[in-house]
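So, here's a batch of structures to check.
You will see two complexes here that share chain A, one where it goes with chain B and one where it goes with chain C.
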Partner chain A sequence: MTLVAEPVAVDTYTPRLVRLTFTWVLTALVLFPVLAVLGFLMRVLQAGFLASVPPEWFYAVMTLHGLGMVGLWFVAGMAGISVLLARYVRPTLAVSWIAYGATLAGVLLLLAATLIGRLGVGWYFLYPLPFHSGGTWPGWATASLFAALAIMGVGWTLWAGDLLWAIARRYGLSEALGWQYLRGTGTPEVPPIIIIATVSFIGVLAGLVAAVVVLALVAFEQFTTGFTNDALLIKNLTFYFGHMLVNITMYFGVAMVYEIMPAYTAKPWKSNALVAASWNLVLFLVMFAYLHHLYMDFAQPEWLQVTGQLASYLISVPAAVVTIFSTLVLVYGSETKWKLPSLMLYLGVMGWAIGGVAAVIDSTVAVNSRFHNTLWVPAHFHTYYVMGVVLMILGAVFHLATELSRVSESLASTRAIVTTVGIGGYGFLLMFYLAGVAGVPRRYANYPVEAAQGIFYAKLSLIFIAVLLAGALIYIWETGRRCVRALAV
Partner chain B sequence: MCTRARRLIVSAAGLLLATQVASAGGRQDRSIPPDQERYVSAQLPNIALTTSTGTATDLQRVANSRPLLLAFVFTRCTGVCSPFLMSWRTADQQMSRRAGVARLVLSFDPRDKPADMAEVARHLGVESDPAWTFGVAAPEDIRRLTQTVGFWYDWDESRQQFDHPAMLAAVRDGRLVRLLITGTVTSGRLDELVREAIGEFIPSYPLPGRARFRCFQYDARSGRITLDWGFGLLLIPVFTVSLSTAIMFAAGARLRRTGQT
Partner chain C sequence: MVGTPFLVFLVSALLIICVFAGVAVSTRQPRHVEYARAQRLRGLFFLSLAAILVVFLVLTLPRLPYPVEAATSPGRIVHAVGKQYAWSLTDGTGPTLANWDTAFSPSITVPANTQVEFRVTTLDVNHGFSLYAPDGHLVAQTQAMPGYMNRLRVTFDRPGTYTVLCLEFCGMSHHRMRGVVEVR
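So, the complex of A and B:
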């Protein structure tokens, strides 16, 4: 039995836009399994296998896996949003190509820094660690990292700026933020993706400006004498940037759900006062939510720690709860066509909910003092990434690829993908959660006897990761051939 | 790819891996002090020892469920051992919380006898203080214990002396919690070490006046945290983006008005 893709009007997608979009998609589909295998390798080392591999390799792989995955899903989200926005506004394709070139250059520098230079600073390269390698990595590896960040930062800033400019050319700021719904007029009508995209691009640009400040301060210290940076200031700015990018990546996924899901439920998902209010609140709260990364910094004043906890709690209401309930309402009582994209989008929202609950638990100061730096932390962020935003983006990509290639969906491969990704994904995450509750520390290349439980959970997780990877490979094959076909058409 | 090229890549990869494995082993670098991060939380072996009074005992009984401060010396040392011990004793006497902490000085020199250690205790003037214990142990036990806490000693034939760092280890419940590597023990550093050994949280803070842009200033004496100029840098992203967004949308509105979109 086959599920036939519904042909929809594709006039919006010009050949140049299709070529650009699928270049991004195919690049992501190549990088995704490579970075996932690096994650598998980390768990192999933590499981006690390949004991002869020195720990510094673990940290180099961890850095590449973390930075790579965060960057990969951010650009995949940006590319997805760009193509969906093309239904309403006209972004400049050349800017997206510049961002693509900058991303490739950044990836090459990161590969050199980690795989050749053995840079092991973790995905948030916390100052002053990159400059104190203790002989583990050379100075040029640190320089490569910051050069990669600078190049990608410039490309992404231009990209986000251009997309926001495209919205600004068609809508006023108050319209793009949906204030007409708050005023009760409701006109002109603006689709939810415009509101979410506007909020997201403002957030992205703020995060990237924070990265610029970090780079400037670090460069100033390196190239002058007698100037020392305040580690707490750099940490605040780094997490402002890092947390913002990760948060916004999730919002890109959510925007795709808003835009694509109605095609399968046959029920419109329009903007209203609730949607507008919630995303405006997100824009405000996302500026403070990062503070939960600094609970352990005793020099951070208590009022900021309280702000961090409140923002972390409150931000889950407008973005997550409103979206989750809206998704349920959209699906409830509808004749939803459960194809691979709708299944992935729906499961992605639910994964986001599960990961979100785990995140809110960890953002509670009293809990964080126990869970901080345990495997609970990777557990929650892998949940809303792997089983959340990644599913949303991959669902949207499959939707586009099927729509443009007109290749029918196979029920057998859909079942295989959903089953393997579901079992493999949640099994892999469960091992993280159980280890986290047992207090197994994160970022350990190998576990001492006191944390020997970590070895057991790492071994079990290998089975689930293998299942998850099998599902990912089926997906990549199915989507990849559709992308190639769409490009040929 | 031709077979020769493939062999070359495999050989290079093998060589790289072998280099990594070789560099992972080997002895501790003597040019840098012991790295606390590598040894903290290590479980100390409960070695047997003989005190300066000739009593046979072991590490656990000396600690007797108390936090333990541990140092390694040798009595024939013409270098750091004596001034190090003197400074420790002086700092110790200035401490407010002296009770409830065990102090143990062990010799790592196989030539040292209990009587030699008794002489050291007398020299320090703590021979009748029950909080202090001086002792010797079997060379292999000393080797195990020093390796656990990151202390090293090498015999230098030319000087007829041991080369070694001066180090004070804080132990709680049989585990290493903190190292103090210094030739001179000050009362402030000793106080931090003891508090850590007791189980108190020891905050660390940067020296004042070093960083130009700091988010907050922390006054260690009053415990007060105040805003500093660096906090303004945290506001740059919000202000920059608010301004640029406003300009962008104003320009967009102008384009729409003139019909140029």
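So, the complex of A and C:
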């Protein structure tokens, strides 16, 4: 088999861009294992070990793990996609540095709020919980949370806006969305990454607007008297924001698959009417799919609940029929070079598909009655996160790190990473699924007798997480040293 | 009820793994793939997926858990009020913040084979009102939201002690928040 590497323009990876990108990457490679170990610690406590640790520490760690991971993979996705976009457009590097600074500031504030202040509000800080600590965390911890969200929100809005502007400057918005393919002309040709990135940045900005509205409404209540927010409205806005952020992160990973996989399959992946139609449909449906988070809020109008199920079901169609199917067609019978990047990208698509099935099942209202807020929920989102978008992004990162450092891949390391991550990852997820089917609640510091099976599954999961972490550490070592080498080159 | 969705998931996951493995193995023997053939297969996949989704929509949309106001009146009404960190279950209007200590009741008895309507609300943050059967399976749930009352209708066909657990993260004793429904 021969590797036909996609030729990269000599001046695409300027020293400034390399320095920026690998600063993001190395930061991510430090934060990732720390946040992963926090997740491991949660399962340790749920398994009944370290019983002397007060439950408020579990919830503080849970908050940091959740907010940290969602934020981490969002910014890693943004950083990855922006360096790949550098092949086509010219974003402003200074804006990415501003976003980096804002992210670091946010991370520090969140670390203080949770590890010092013991803030335990969960990653989506559902109003009015941040203001009802019951004496667990001080007011400054709540203020730090909102300050962190505001600072990161500003930084990320500028970043997404700048990237969208860079795309629009070269292609124009309608062509960046691929509408010329829908009109049948097909010219100018835009690569799939441009269409997906445009859809994604519009989604990011829409989600961040919702976050701004939540922050404004919450601040208004705090600083005035006689006004109480509508809990249902805030819930809709909060889940709209959270759902959007997580889904867009997913799309960043998918964009990387479209852009990088062809380098390993020696077959191109071009835009066409199907790709354009699929991603424009996704842009529309992703605005409504968030409604599946509110099925158990019976106060929500029934027509919105039904809309949520319809949107959630429908959005699986472009994902499955276009992207996932096309990945398989691209690879089938090809001279694919199975290196770590192509393996991770390919397995990431597979994980996305599996997690997607679990998500669609849970997005059925009648099923959600039995699965909502059980461990089925972390089961499915960890599937398309850990075994989906994380594999995609890390595969893309390794591709870039290898390309720019010119350090060739070690077959032994690749085998070790794929084996441990595969077994450890799916094993740890299976424990969540089984516990969810048994009705074990999510977000419990420890389990009552009614959910005693949770302890058993938590104990088993520790073995799998240890295996997964071993694989992650090998990956981090291999990638980290290549990044450092690339910076020195 | 959870058995079927889990089986659907397991079968789907195994199918996906087999397909991805098979496609990966195919790269050992490179061959020409006809674009038209791939597109026909894509069309077939689309129709199959659409049919499956339509079937599940038709089967599940009529089974929404939301009570229909015009339908029969429930045999019994229970007021379930959540507050950090306990559930109060009463026949009459539930306790307020002012009289919580005196009006709070951690348990209630209801008849079997009678539709019971739980009127669920909260005095502080979002909670999740959930009913766990004596054998540990989750029977039903709804959210408890500040400023709202959600109606959850359940018919208990088996007597026993049902536990109310909190299914919406609500703070440091979220996992200890419980109530008891005795079904006789």
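Here, the second predicted complex is superposed on the first by the 477 of 489 C-alpha atoms of A that agree within 3 Å, B and C clash if a C-alpha of one lies under 4 Å from a C-alpha of the other, contacts with A are read in each partner's own complex, and residues count from 1 in each chain.
Everything below uses one rule, namely that a residue touches a chain if its C-beta (ideal position, glycine included) is under 8 Å from a C-beta of that chain, and two chains touch if they have at least 3 such contacts.
Everything quoted here is computed from the prediction, not taken from an experiment.
Colleague: With chain A superposed, do chain B and chain C clash or fit?
Modeller: clash
Colleague: After superposition on the shared chain, which partner residues are touched by A:T23: those of chain B (first), chain C (second), both, or neither?
Modeller: It touches nothing on chain B or chain C.
Colleague: By residue count, is chain A touched more by chain B or by chain C?
Modeller: Touching more residues of chain A than the other partner does is C.
Colleague: Which partner chains sit in contact with A:F298 here, chain B, chain C, both or neither? Use first/second/both/neither.
Modeller: both
Colleague: Considering only touches as defined above, state whether A:E450 meets chain B (first), chain C (second), both or neither.
Modeller: A:E450 sits against chain B and chain C alike.
Colleague: So in the superposed three-chain picture, is A:Y240 touching just chain B, just chain C, both, or none of them (first/second/both/neither)?
Modeller: First partner only.
Colleague: Kindly classify A:S410 by the partners it touches after superposition: chain B alone (first), chain C alone (second), both, or neither?
Modeller: neither
Colleague: Applying the touch criterion given at the start, work out whether A:L217 contacts chain B, chain C, both or neither, answering first, second, both or neither.
Modeller: A:L217: touches chain B, not chain C.
Colleague: Taking the superposition on A as described, I'd like to know which of chain B and chain C A:S369 touches: first, second, both or neither.
Modeller: In the superposed model, A:S369 contacts chain C only, not chain B.
Colleague: Return first, second, both or neither, reflecting whether A:T228 touches chain B, chain C, both chains, or no partner chain.
Modeller: both
Colleague: Please indicate which partner A:L129 is in contact with in the superposed arrangement: first for chain B, second for chain C, both, or neither.
Modeller: A:L129 sits against chain C, while chain B stays out of touch.
Colleague: Which segment, 79-87, 151-159 or 169-177, is the chain B region that clashes with chain C in the superposed model?
Modeller: 169-177
Colleague: Counting contacts the way the document defines them, which residues of chain A are shared by the two interfaces, the one with chain B and the one with chain C?
Modeller: The overlap between the chain B and chain C interfaces on chain A comprises residues 54-56, 228, 230-232, 298-299, 448, 450.
Colleague: Taking the complex as given, what residues does chain B use to touch chain A?
Modeller: Its residues touching chain A are 17, 20-21, 23-24, 41, 201, 203, 205-206, 210-216, 218, 225, 230-231, 233-234, 236-238, 240-241, 244-246, 248-249, 251-253, 255-256, 261.
Colleague: In their shared complex, at which residues does chain C touch chain A?
Modeller: Against chain A, chain C makes touches at 1-3, 5-6, 8-9, 12-13, 16-17, 19-20, 23-24, 26-27, 29-33, 38, 42, 45-46, 49-50, 53, 56-57, 60-61, 63-67, 84-85, 124-126, 128, 130, 132, 136-138, 140-143, 145-152, 163, 165-176, 178.
Colleague: Chain C touches which residues of chain A in the complex?
Modeller: Per the touch definition, chain A meets chain C at residues 1, 54-56, 59, 120, 122, 126, 128-129, 132-134, 136, 228, 230-232, 235, 296-299, 302, 305-306, 309-310, 313-314, 316-317, 320-321, 325, 328-329, 331-336, 338, 346-347, 349-350, 353-354, 357-358, 361, 364-367, 369-374, 433, 437-439, 441, 443-448, 450-453.
Colleague: Give every residue of chain A touching chain B within the complex, in rising order.
Modeller: So the residues of chain A touching chain B come out as 52-57, 161, 164-165, 167-173, 176, 202, 205-207, 209-210, 213, 217, 227-233, 236-237, 240, 287, 298-301, 448, 450.
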